[in-house]
Amino acid sequence: MRETRYIRAIAEALHEEMARDEDVFVVGEDVGGPGGAFSATKGLMEAYGERRVRDTPISESAIIGLAIGAAAEGLRPVAEVMFADFLTVCMDQLVNQMAKTRYMFGGMYTLPVVVRAPGGAGLNAGPQHSQSLEAWFAHVPGLKVVSPATPYDAKGLLKSSIRDDNPVIFLEHKALYGSKGEIPDEEYLVPLGKADVKRIGKDVTVVAASRMVHEALDAAKDLSKDGIEAEVIDLRTITPLDRETIFTSVEKTSRLVVAHEAVKAFGIGAEISAMVTEEMLDHLDAPVLRVGAPFVPVPFNLERYYLPNARDIAAAVRRVMEY
Amino acid sequence: MRETRYIRAIAEALHEEMARDEDVFVVGEDVGGPGGAFSATKGLMEAYGERRVRDTPISESAIIGLAIGAAAEGLRPVAEVMFADFLTVCMDQLVNQMAKTRYMFGGMYTLPVVVRAPGGAGLNAGPQHSQSLEAWFAHVPGLKVVSPATPYDAKGLLKSSIRDDNPVIFLEHKALYGSKGEIPDEEYLVPLGKADVKRIGKDVTVVAASRMVHEALDAAKDLSKDGIEAEVIDLRTITPLDRETIFTSVEKTSRLVVAHEAVKAFGIGAEISAMVTEEMLDHLDAPVLRVGAPFVPVPFNLERYYLPNARDIAAAVRRVMEY
Amino acid sequence: MVNKEELLRLLYLMVKVRRVEECLVDIFSQGKIPGFIHVGIGQEAVSAGVCSCLRERDVVFTTHRGHGQALAKGIDLNRFMAEIYGRRDGFCKGKAGSMHIASREAGVAGSNGIVGGGLPIAVGNAFAAQYRNEDRVTVCFFGDGASNEGTFHESLNLAALWNLPVVFCCENNGWAQFTPQKVYMKLQNISKRAESYGMIGVTVDGDDVLMVREEAEKAVERAIRGMGPTLLECKTHRWLGHYVGDPQKYRTTEEVEEVRKFDPIIRFQKYLLENKHVDRQYLDGLEAGIKMEIEEALAFAENSPIAPAEELFTDVYA
Amino acid sequence: MVNKEELLRLLYLMVKVRRVEECLVDIFSQGKIPGFIHVGIGQEAVSAGVCSCLRERDVVFTTHRGHGQALAKGIDLNRFMAEIYGRRDGFCKGKAGSMHIASREAGVAGSNGIVGGGLPIAVGNAFAAQYRNEDRVTVCFFGDGASNEGTFHESLNLAALWNLPVVFCCENNGWAQFTPQKVYMKLQNISKRAESYGMIGVTVDGDDVLMVREEAEKAVERAIRGMGPTLLECKTHRWLGHYVGDPQKYRTTEEVEEVRKFDPIIRFQKYLLENKHVDRQYLDGLEAGIKMEIEEALAFAENSPIAPAEELFTDVYA
């Protein structure tokens, strides 16, 4: 084991998969030279050359279309979109093309595309560079949506995503890029579609994704002082959603809080809440509470009021405990 | 009162608002001559001329950008996007620009834009011409989302949307265009943000939107034969969501089914279910059930299996009644 | 020079495309086909001219008005027809319909319901050929209207930059749905836009199949030789409405009649007759053969079962 | 011809923009400004040349590298600075920051964080002027990199088609973030792309403020007279990295030094000195005045309160 930053874990995954499979290539803006805006692809150009590391014009629709067309022919593109907010610029290619190609053509095509994009606030990057849009993509059949919270998961999930034969929207969190964590020296994969119990607890389940996993863990530590033992589940993959891990935990705890950074209204927390109450209403000792951002764009200057945090999660947990 | 088709009701709203206010103009592909793909804008060119009825190249981003820029200067554009699926092509303009302009610039701008787009399946138009995407827009602060089910509401809501000082995504349902309903001869408005109880009942609440309102009403008729009296609420506006009308009804019935045509997973039903269980768990005699499309794209040939219908709603209601 | 065998093949393709589409208009009007369809009657010289110089392994991306493009590329008529009927034996199990027909074997990568949506994907297809050093070319069809979408710009720019083996074929029929070209763009020749990308652009009379063929051959040659993409604009005429059933109130009956004088088939037949490549009897024989082909395809399609409900859930994920 | 008063104003604008941005680099490096900022040091002649021929009621759309554009258009420096600090007295109450500064009074419609995102909106602004028959012009700034986005194509096409009173000003600094122009496009002169839309395109030396001014005047004139839009490309140089703090590993120290020889301010000062429009003392006085302006603005910004938490919830809906 060794300590690695989240961004380096991603870079490692790319390096390893490119070394393993000649069909894997990387495409995006500035992905050569300095390795993209956040240096996730640093070193790839030196290692694999211009053929497999493709710097493009600023044309996100062309980037995604390129990936789709190449993947349909059997290549395994990893496309980078510099900020998740820019996925809007190529939304047709992602949703009407990439997600539907296989179905629309009756299974004729297989599309092993990974689209990497960093989302999330926390860097004062303003309303057009800070959004968390996973709920949109989770609503689109044909896509898988992945959202790692730790370096370990980032590396293992990215490798699995590259090997997966389906289009994957791989949502990194830019405020986590510098965060550190242990990863094994030997190769490993983290399977898609499996949530991870990041902390075992018996009193309440907290389901979280991406950066909110860390806030949930902080909250859990705090709650523990008051004798409340929260089980923290890191979704890791949004679709396919790991219903089982969630159900199993809630069966034990009978209480659920869901936390994500995206706007609370119509976010993924709604689906998880609805799903759990649908299936196990009588099991619940309290309403499912959701923690998410308020219904406002991400302000440049007021992020500290905007971002949901450990305190909010702890407060929600206390409310369900006291219910 | 007189009987009018949904599509004519929309055309009437446009006519009346253009007559009333010189700042209202219509822009989109083919909106002149034959009045767009579905003839919603028919007759406007004759009545208001080329200055106020603007046929554009096939360039949806330019259309929405045009609307934003013009609205910021005080005009009141009504932009048509031919199918709701094509909103993906101009998603940046809708989400990063239109929705955020007011907030981002600290209230400097007011954007009275209406973007009309027909969604929904039922015409065998295939996966790229049949989607229901309201959940995406409902997740975006700064937008209002409207979705009428009847000619009466279509006209009244469109007029209100045009007069509203905020960007409105106005989602029509193309399979409803030919449907008929009564509308008054005199002018009227239907306010945004107010759901409508389309049928009064005491046993169960069915919240529905757009075409599913009619399926819910059919289901209610059927259920009534078995002595189950369903209250059917037509959301009409998705954001702002009329929480009060929903809560009031569920307080009475203690049972809730939510029906929409969009894919069930991560759809608007999730938000409504989560919201209701959050606030009134102890009031519920059964889990909130959701009726929506399966997690697959809309097939060309298998729509009859794909589309949620009155039978599905009735079945869900029976399940909550028997719970 | 196009040899006699090839001349006859061009004729065959054009007549076949015409008759198939006439048949589609017919059966659609009878309510046998669900959804809506777009036909390119009058535009056959473009598909035939371009696709006839492609090999099986070359790939075409077609449009919503793409029956001709797919047929000229050699897609199997039976399964094509079954797809339009939405039946299980269609190329896409009936999930696609007229607007999204594809066949891997025939090198028809599939048509798109999003105007301009296929362009970036075609670039990706050509990229794969270059990446793997495959000797093949990609052709991407699109309309005059589509040349105003942002994807047109991004796709041609990228293809030119990377010198990809692709031909962008603009089937310019002068209309985008109900709106004539002059209303929605200032330029007349869309091929002019090639210069924005440092690409070669050519405009030809798209109703003259031999001219289309000639320029297409050059473009394909350039692509395969690593000399980069071409924007080939073929000016042609849309005889019918935008979709089958379109009452065409936006043009006069005279205009609708007028365009028929450009008939690329009559024109080509005249050429072949004058040059004694064929005689009337040959033409009759050809028509008869195509008629039987189509009847067979209709029977195949109509006998093909409707996909079962379970098919709703397949093919979403690999 | 530009009269003396205007010459001096050009100098003032350029020096002011330079000094403000130098100051921003400084205070950003001291950690006083949240987020990230992009400066256009070395590109001042473009903003000054273009904006100096605009009237108050004319409107500019700026970019992420838009401080110079906003300042040259006459935005108030105090509230500009407060915005960059994210303070309540900023033009946008601090919600916008460096990347989205706007001011209605000054005719700065706001800058955009989405490359190419402002182009369609600028077209809408010009449309409103035409719709209401207002005597004003819209200028939309964007970068060389942005000219590859689909929105560039759609926007210029529509503006040309409708003959809208807008000038598209491409501030071509040869770089899109970390990638030089030659890597991401084949064309050298972006103004060439104007032809795709039947629009006039011009390329000028963007480090020569008088040439920029001359061509900008003509373009503005055309726009106002109903002669339609212009694509005005100004070739200039980005001295620093993409964002402040960018280590610029993608270019050599020589290259970084090299570009400074194009200094538009030194060049213009030389011209003014040679032609005896100014002397050294004047230049010193100007610098001193600007320094004080900036100090005042810094004090204003730093004394401006941070917006209260309630501001989070305002301005979402009208």
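Order of writing sets the chain letters: A, B, C and D. Residues in each chain are counted from 1.
As a convention for this text, a residue touches a chain if its C-beta (ideal position, glycine included) is under 8 Å from a C-beta of that chain, and two chains touch if they have at least 3 such contacts.
On a predicted model such as this, the values are computed, not experimentally measured, just so you know.
Centroid distances built from C-alpha atoms place D farthest away from chain B. If each chain is reduced to the centroid of its CA atoms, chain C and chain D end up 46 Å from each other.
Note on chain placement: the centre of chain A and the centre of chain C lie 41 Å apart, centres being C-alpha means. Averaged Cα coordinates give chain B a centre that lies 36 Å from the centre of chain C.
The set of chain A residues that touch two or more partner chains comprises 56-57, 59, 61, 85-86, 89, 92, 96, 103-104, 126-128, 141-142, 294-297, 299. Residue numbers of chain D whose C-beta contacts span two or more other chains: 94-96, 100, 112-114, 117, 148-151, 153-154, 157, 161, 184-185, 316.
Arrangement of the chains shown, judged by which pairs touch: all-to-all, with no pair of chains left without contact.
Chain B makes touch with chain C in their complex at residues 29-30, 32-34, 37, 55-61, 85-86, 89, 123-129, 294-297, 299-302, 305-306. Per the touch definition, chain B reaches chain D in the complex via residues 25, 51, 54, 56-57, 59, 61-62, 64-75, 77, 92-93, 96-97, 101-108, 110-112, 141-142, 144, 165-166.
Touching chain D in their complex are the following residues of chain C: 148-154, 157, 160-161, 184-187, 192-193, 195-198.
Considering their complex, residues 90-96, 100, 102-104, 109-110, 112-114, 117, 119-129, 131-132, 150-151, 153-155, 157-158, 161-162, 314-318 of chain D touch chain B. Within the complex, the chain D residues that touch chain A are 34-36, 86-87, 94-97, 99-100, 112-117, 145-146, 148-150, 176-179, 183-185, 249-250, 306-307, 309, 311-313, 316.
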